[in-house]
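Before any comments, here is the structure.
Chain nomenclature is as follows: A, B and C, assigned in order of appearance, with residue numbering initiated at 1 for each chain independently.
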Amino acid sequence: MSLDLQNPKLVEKKFKVIGSRVPRPDGIDKVTGRARYGADFTMPGQLIGLVLRSPHAHAKIEKIDTSKAEKLSGVKAVITSADLPDLTKGDRMMLDLLENSMARGKALYDGHAVAAVAAIDLPTARKALKLIEVKYKLLPHVTDVDEALMPDAPIVHPHIITEGISSAPMKPTNWNKACEYGHGDVDAGFKEADHIFSRSFKTEQSHQGYIEPHSVSASVSPDGTAEMWVCTQGHFVYRNQCAQLLGMDASKLRVTSSEIGGGFGGKTHLWAEPLALALSRKANRPVKLTMTRDEVFRATGPTSSTSIDVKIGVKKDGTITAAFAELRYQSGCFPGNWAEVGAMTAFACYDLKNVKTIGKDVITNRPKTAAYRAPSAPMAAFAVENVIDEAAKAIGMNPVDFRIKNAAHQGTKSSYGPVYGPIGIGPTLEAAKNHPHMKAPLGKNQGRGMACGFWFNFGGQTCVDLNVTPDGKVTVAQGTVDVGGSRASIAMAVAEEMGINYEDVRSVIPDTSALGHNDMTDGSRGTFSTSMAAIYAARNAITVLRERAAKTWDIPLDEVEWKDGAAHAKGAGHGNRTPLSLADLARKAGRTGGPIAGHAETVADNAGVSFATHIADIEVDPETGRSQIKRYTVIQDAGKAMHPSYVEGQYQGGAAQGIGWALNEEYVYGKDGRLQNAGFLDYRIPVCSDLPFIDTQILEIPNPNHPYGVRGVGETSIVPPLAAVSIAMTNATGVRQTHLPMSPPRVLKSLKGKK
Amino acid sequence: MQFAQPSSVKEAVTLLVKEKGNSYILAGGTDLLVKMKSGSVEPDLIVDIKGIKGLGEIKKTASGFLIGAAVPCAALAENAALAKAWPGVVEGASLIGSKQVQGRCTIAGNLCNASPAADSVPALIAAGAKAVVVGPKATRKMAIEDVAIGVGRNALKKGEIISGIELPKKLPRSGDAYLRFIPRTEMDIAVVSCAINLTLDAKGAITKARVVLGAVAITALLVKGAAKAIIGSKLDAATLDKLAAVCSAACKPIDDKRGTKEFRVEVAGVLARRVAKIAYARAGGKI
Amino acid sequence: MGVHVHTTVNGDAVEFACGEGEVLLDVLRNRLGLTGAKEGCGTGDCGACSVMLDGRLVCSCLVLGAEVGGKKIETIEGMADGMKLHPLQQAFIDHAALQCGVCTPGFLIAAKALLAKKPDPTEEEIRFGLAGNLCRCTGYDKIVRAVQHAAKEMRG
């Protein structure tokens, strides 16, 4: 069955800069050690901040005595929640953020902050922490998502009752939210089916694993102004939230985002930043607070661990007649909506008449979860794709063909509601089917798996400020933090629009005082929305440039066109006017109306959903359960790849994270509810020798809602790997793998179970 | 905290004897500094032995090799004679941590740190190596298997320091090997490990054997029953089965974040078979 | 009380005072202003703090400042020859072998150490030689390719 390959007019546009592999502007700084990350900043007179954290999973804090710490020579401030009054005016989400950054009467997880100090140096700060006396009363704890739903589970928050269910709940619970998505009639659909496949899956908790620990330098002045240097994916959001929590005017808090050493969603939330500000305010000196790796694992925002049930009904010819899933996700100790997102994405790749997903968001005594690259989608895809694989095998159909038959396309009503425009799932499946990887022979103890994945991609608020310098070059100031090289793509977009050289565009990310609000770099929106705003800003600047040329020539504006980096007089009688270049107009700017600039403040919408198909080959040692990825291919739709190297990099990086999550990464909790592997030694992310080269194929089905057809690309690549790798493992071992990660002990046990 | 850099073993010993508080020897520092960072140790005195003449050398002697206590593990692999005579020992030492860690860590430190999963220890035991222990009153030699006595605890008395590790001369028709099980390809602490040292007769039958398991008990285990099971054989299939069974039975493992008891028991047997085959081939045996 | 240390960093004579228990990484970053080496973990598990110490690749978080008297230290800041980038540095830029870039200084030091010992490494040797350096952004693909390319160029 052939699919419509979407082919809007944009595909034919010939680009001069877009699509080339230019060097990134921050490359030299990053290869020479000059680039400054969160912890690379120093403020004169700064103190070192350090946080005291609960060693208990769940405990009432009966008393905190900080007097001895305060008396220690060299200690300039000690804070507890008493120094962070509730100024949220009933905003529960913000109060949860405040409480997560420092406990308010109850420690809710191992690692929960209970106090903090600022001292003249690190050894003094460490001594001070030891002098703080905390009296805890231990409470029963719960860390597993299914256990937290049991009737006798310890309740984490007495004020939480389930939101979103029809019967009015009365008792406090750990189940904070219920949701349902879908359409049609699944009961009828299952009745129509020739075969029904039903399975349950579990995924353990993983962390984004960025190499740079969080670091913030904060300086609060007695007049209420403050500065913060911090590694973050969203300095505007951090500014707004910190200001609110500390009772400051947002406009008086100037936040500069440092270069960021990885985030993947984990640096979109506040962690210790309010504490640094509170310490600085109390000590009346700048405070630098850097987390240790142990703190990063224990007290920032890993992703949810999950428990998922999937049921699919199919006809003999491979048509899916009904699809159902119940997804239970734990969000740590504060409410989240992660199960809801999982419920939305679970069946998004497919064109289904009858589909229903139920999401249950659950609270546990674990750190508050944060987004991790296409949050919630990878786990849902793991569960769904495995049952799809099982169904295809059972009816004897090629797994790719099975998916092609049921794939969503333009006009499909998605399982989460909206109707799709032109999308890439079909093309990625066709490309996978024809990819040489699919035909490569497999060796002994090797298995191959393929899987699809989906992500929404987001737009959001974006500001770009474009200024033409007197020497005729361009500076583009953007508010979205550059996490992986996007500032190069933004410079490319401006160069393309203005018809000038890439090297003449300087792409920078200024502090919060210089631009209007910008949403975070998340949701794969960085390049998508910033390039859109940059294009609009460039077009606005071009209008100004044309006006200046019109003024210079004393001709009407509509007789001036901008082409190849210069203003041209068009129309009868103007033909022999020498074009005015950007440099010419810039030089004259003072006499024609002043500095030349272009702005855009937008809410970029319609980032374009993106689909991917991955193929994984794995080799298993049947005597030990140990496995190694032998070959991996990512096929994903990018809309239009502004800079192919960076798009490839996103594909490879997401795949590598997914592989680690599938094979070895998990939070290990003891019976005491304490995290046992809060370090890179035992939280095992892939090392260089664990992976092969990761092949990529970029498809371009343009997004009609972006001037160049760009779609978000950063996240989708982490969605299929859990499924592709587990299906490959299933094929290599002959046993369906349902519990991630597939660590050697789990795999070996499953093999023994088979016998 | 005091930091001392003595220039002789005698001076180091004196410093350790005199110190009333917590004293630690610093060779590679790859365990000590990690413990200091976590706060699990708070030294009053650190004695850096890297400045002591002779401790940084690998000496080939008539009776074998003497590896100074300050020799970084990377240097072991760089010593051609040592790598040729004791490839199993060098393998174990070359697997500790990463290239960066191997540039600093030492086998003496690895031994004294007494982790049950120490990578360099099983092969040293299998080789019959000895630690040269210098104390305030006397110098003694200890079999490597007697040094670690529990998790993180060693048998050295106050004021004693290992100045070097002696490897015996390699016997003809001998071979040693070391394998460890880790989930990734590098960087992990061994979940299970095994070292075997074999000597064969002219016909290829095993005449001497030492079989050692790591990470399956509170210290490395010298499994005498495993040696008995293979002596006299040419490692036929039945013998290998017996070897695996004896090794699995000898384990006294725990469940922890790196592996379960049952996993360790099973894989100990699997590794023993594989290591035996490698050691046998290195000794000139043909299966 | 502290220790007073004379050493050489990137060819320059340097002296500093530090605490007895202070690690070289903190000395470089906080006392010498050389923030190229990064603390990713502080326990030798990530390689982001990699430097050369007397010609050996080490994690500077596992070396005390007090130990480096009279020794030669090389950090990322000394890798380029003035304005001229080292072939490895150029290759990392050309082959997009960095995304966030925080692991890059450590990788460059480790790659240089690897190529000094093995000027013509196989893919496997590169991967195992760099196994002590964690990267979370790239999946290592373009890093390995950049090292292969630089190795070829350096062999002439």
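We adopt the following convention: contacts are C-beta pairs under 8 Å (C-beta built on N, C-alpha and C of every residue); 3 or more make two chains touch, one makes a residue touch a chain.
On a predicted model such as this, the values are computed, not experimentally measured, just so you know.
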{"item": "Between A-B and A-C, the pair joined by more C-beta contacts", "value": "A-C"}
{"item": "Furthest chain, CA centroid comparison against chain A", "value": "B"}
{"item": "Where chain A and chain C are represented by their mean Cα positions, the distance between them in whole Å", "value": "29"}
{"item": "Rounded Å distance between chain A and chain B, as computed from the means of their C-alpha atoms", "value": "44"}
{"item": "Residue numbers of chain A (touch at least two other chains)", "value": "292, 681, 686-687, 689"}
{"item": "Per-residue overlap in chain B, given as positions that touch at least 2 other chains", "value": "37-38, 185-187"}
{"item": "Interface hub residues of chain C, defined as touching at least two other chains", "value": "19, 21, 42-43, 45, 128, 131-133"}
{"item": "Touching residues (chain side chain B, partner chain A) in the complex", "value": "37-39, 181, 183-189, 191, 256-260, 262-263, 266-267, 270"}
{"item": "Of chain C, residues touching chain B in the complex", "value": "1, 3, 19-21, 23, 42-45, 47, 50, 53, 56-59, 61-64, 66-67, 110, 113-114, 128-129, 131-133"}
{"item": "Touching residues on chain B, where the partner in the complex is chain C", "value": "1-3, 26, 28-30, 33-34, 36-38, 43, 46, 48, 50, 72, 74, 97-101, 103-104, 185-187"}
{"item": "List of chain C residues in touch with chain A within their complex", "value": "19, 21, 26, 29, 34-43, 45-46, 48, 75-77, 79-80, 85, 89-90, 92-96, 98-105, 108, 124, 126-128, 130-145"}
{"item": "Contact footprint of chain B on chain A as seen in their complex", "value": "126, 292, 294, 623-626, 628, 663-664, 668, 676-677, 681-682, 684, 686-687, 689-690, 743-745, 748-749"}
